Amino acid sequence: MCRWAAWSGAPKYLEEVICDPQHSLIDQSRNALSCKTAVNADGFGVAWYGDRETPCLYKDVRPAWSDPNLLQIARHVRSGHFLAHVRASTGTATTRDNCHPYTFEHWTFMHNGQVGGYDTVRRRLDNMIPDDLYRHRAGGTDSESLFLIALAYGLKLHPRAAMARTVSEAEAVSKYAGTAPHMRFASAWSNGETLYAARYASDRFAPTLYYRKFSDGVMVVSEPLDEAPNCWVEVQQGHMIEVKNGTVTEMAFVSDEELAEVAAV
Amino acid sequence: MCRWAAWSGAPKYLEEVICDPQHSLIDQSRNALSCKTAVNADGFGVAWYGDRETPCLYKDVRPAWSDPNLLQIARHVRSGHFLAHVRASTGTATTRDNCHPYTFEHWTFMHNGQVGGYDTVRRRLDNMIPDDLYRHRAGGTDSESLFLIALAYGLKLHPRAAMARTVSEAEAVSKYAGTAPHMRFASAWSNGETLYAARYASDRFAPTLYYRKFSDGVMVVSEPLDEAPNCWVEVQQGHMIEVKNGTVTEMAFVSDEELAEVAAV
Amino acid sequence: MCRWAAWSGAPKYLEEVICDPQHSLIDQSRNALSCKTAVNADGFGVAWYGDRETPCLYKDVRPAWSDPNLLQIARHVRSGHFLAHVRASTGTATTRDNCHPYTFEHWTFMHNGQVGGYDTVRRRLDNMIPDDLYRHRAGGTDSESLFLIALAYGLKLHPRAAMARTVSEAEAVSKYAGTAPHMRFASAWSNGETLYAARYASDRFAPTLYYRKFSDGVMVVSEPLDEAPNCWVEVQQGHMIEVKNGTVTEMAFVSDEELAEVAAV
Amino acid sequence: MCRWAAWSGAPKYLEEVICDPQHSLIDQSRNALSCKTAVNADGFGVAWYGDRETPCLYKDVRPAWSDPNLLQIARHVRSGHFLAHVRASTGTATTRDNCHPYTFEHWTFMHNGQVGGYDTVRRRLDNMIPDDLYRHRAGGTDSESLFLIALAYGLKLHPRAAMARTVSEAEAVSKYAGTAPHMRFASAWSNGETLYAARYASDRFAPTLYYRKFSDGVMVVSEPLDEAPNCWVEVQQGHMIEVKNGTVTEMAFVSDEELAEVAAV
């Protein structure tokens, strides 16, 4: 399990999310609260959108708190749209290629969760990635394969449906050949303009997902960055949000029929 | 292209190969002579056999010359059978998982060369690896997939034939969908008792391969570690050697018919 | 604060201390119990004695649990005398040069604790190191300067007295210009034959120090590696131990007069 | 010896200096031409000025060409004032703290060269740094001590004189206790508004230093980034330049009397 946070709004120094809050992402890398693993120190990453259409990606394998470069960049870089992640490996190696976020052209993706029995189903997931995207597979995580499959399923045109289909099919693959829990998924993805985030699980224990509206933007997080009462809105299990121009729209992530099936588990 | 060296014989400090010779592996990481790329500084690795059946594997992404840990280990560890490698990436990322040697149980493999058009054929190579081995795929190099395919083809029982079949089929895949040169291959592999090394290419430019007999063992290398006259024996293109108990046996790597085809290119 | 463990006895795989025990050093890097900081993930190091007179030193800046090289080395290297350390920085940077143990010729030193107000007194400590040793100052920690000062005060000939004088003078420097607590010190040092460890503080809160006798050797640790009842002996504050050939001798670290003064604080 | 480049002018993507030119800084990290060492792969660093008064500093120990983070940052960050450096160690360890540039508040410094016999005179140099600056000494290089001494000698108020005094006194220290060549110095320093660069040596072999005027700014470099004829102006030995608002002023770095003495060597 991992922790992550994203911002969409007026330009903000990255440190205002990564370092400054009482329970900042760096604090969560040592002391996460709503997480199976309190220590999320198997690498980190941040992708921010700036002048160019594609995001800038910075990742490293050290704990977020011990990388002076991250502290410098977070202090000096300002962006109106960024995604940041601290990792706790669920088995794959601690390499930069296995750290989140992942980017492809102007799209970014980061993930907290897992595909159950990934060791066994990895091959099937990889085979769902078409050749022209497969060459971009750099590391070995389930998260990276989910992103590439979603791109293959039309993420650019159908940001909800492509991701929902990806998650449903990966869950089906895990049910066929993997182990329970078959799917745990709290993710954010973005094209630099609209930020999407979804919360889902094949059982009742979806990883947490919250957002908070500020006067100048919206923050979406794995767990609240502070204890401000009534400020952080929890996204329901099986739902997702779209954040654009300060507006948050909540909707079902998978269709109602699918949700009914999930609820019957 | 990369540089590598292996030792089979009486226990020797790793530094006697990696650091001490006039043109040691560390020197080659800065100034390789018989190599397309003089600088081989995209990581390094060494696998040595000791008390246990499996080898000990040490890899890192820094240039070999700048890693104080490597210098310490090379100075203090003694082994009668070890394989060491300095890497020059032909495209894949500089991560530990992409550094050689690769190990599986008690087998070790390292490679200098490439499969032509790997970006295009990578998917086909990965699909030649059966599921039970595929879960051990950690990085993204062609070399790692060659090793896993060879294991699937029976490397443990048929160390020559399994590797030759792997190389032939990978070459065929490259001829079908990749780009020339389809195969460049100078590799060593070992079970800790017998050291194998082969030199092959789909054209006339196989990477170099030499060995040298000492009173207490045999060294096999990409390029000679010193200028001692008449001491280093060049392995012929299309041939391989088996080194065991101080004896070197040279033989065709692929069959004569295959060699005839290769020669006709 | 940091955690450490040392072994003197029959050759043992490093992993028998670093990885295998219920509360191994790697477990302590995530979940230390008797320590101000539960997470000790700002680098690690191990120095082991083997064939050569000098020890082999392996250090890196990642958390101990995330370094595959450490796991390999711990699994394959066997030594009858080694010192291992996981670090939680008290302010200085997370670089290899700031990781413990420190070595000089055949001596090794590692430390848990701090000199109070080091930022202010660092200069004075550095000036206690004579020129011929000062060139070996590689990092910026108080621990490294304590080791070099102890070497200057004759550590090789007077392993107890030189270290005690170093600690007393560093404490005096901190009392003059630093901040309380002026000295916290739980350290081990060794020449490869005799292992020394001391526990001391300028107040009543000396970092913990334990040892345990096995049939084939003695383990000395910051905190017990398991919950075996009555097996781990706590070293008293202000005392030290000498471990040689399986025998543990406990004695006052600083003289009784000094202890009386300390007790009066 | 090292290679470096700096820009003062209209905002420019860092990659326009670090990656894009024919003989970019990354190309120089593999193939420097006017340098004792062709390979400058012992770490790198870049400091850029942006919204804040202090610069943002990014350093790492890998070769510049192998760090995907550097390529990302260079592609996405734009700055009107930045200093970039690729390092070839002259003896000190390859750690981030030993990589250039160095920063202090809003000042930045980077250096190509060395103080002769640094191992012997390091202690004397360190003692020229006053206590309040000494706590900022993080690594072990001569370059970092030169910067801190220059700050102590009033770099902020007298950017030329403070650096010249530092270099002269360090040279004197080396003449007293070090080895020849006593001083090799091609450096750039900056407060974010004015860029200073000097070329000096205690013998006739000062490291090279060039600048080039563009319509939108000035580039200052160790060696030209391309072969454009007549575009790169060589700074004379013993001279320095000040670059501000597109204007380059050349002047003696040390006084004429001092230059006369140097010429007499």
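Note that the chains take the letters A, B, C and D in the order they are written out, and that residue 1 is the start of every chain.
FYI, a contact is a pair of C-beta atoms (placed from the backbone, for glycine too) under 8 Å apart; a residue touches a chain by one contact, two chains touch by 3 or more.
This is a predicted model, so every value here is computed, not measured.
The set of chains touching chain C and also touching chain D is given as A, B.
With steps allowed only between chains in touch, the distance from chain B over to chain D comes to 1.
Interface comparison, B-C versus A-C: the higher number of contacting C-beta pairs is recorded for B-C. The centroid of the Cα atoms in chain A and the matching centroid in chain C are 41 Å apart. Residue positions of chain D with contacts to 2 or more other chains are 68, 93, 96.
Chain B meets chain D in the complex at residues 30, 39, 41-42, 61-63, 66, 68, 89, 93-94. By the touch criterion given at the top, residues 93, 95-97, 119-120, 122-123, 126-127, 131, 134-135, 137-140 of chain B touch chain A in their complex. Across the complex, chain D meets chain A through its residues 50-52, 55-60, 68-69, 72-73, 75-78, 96.
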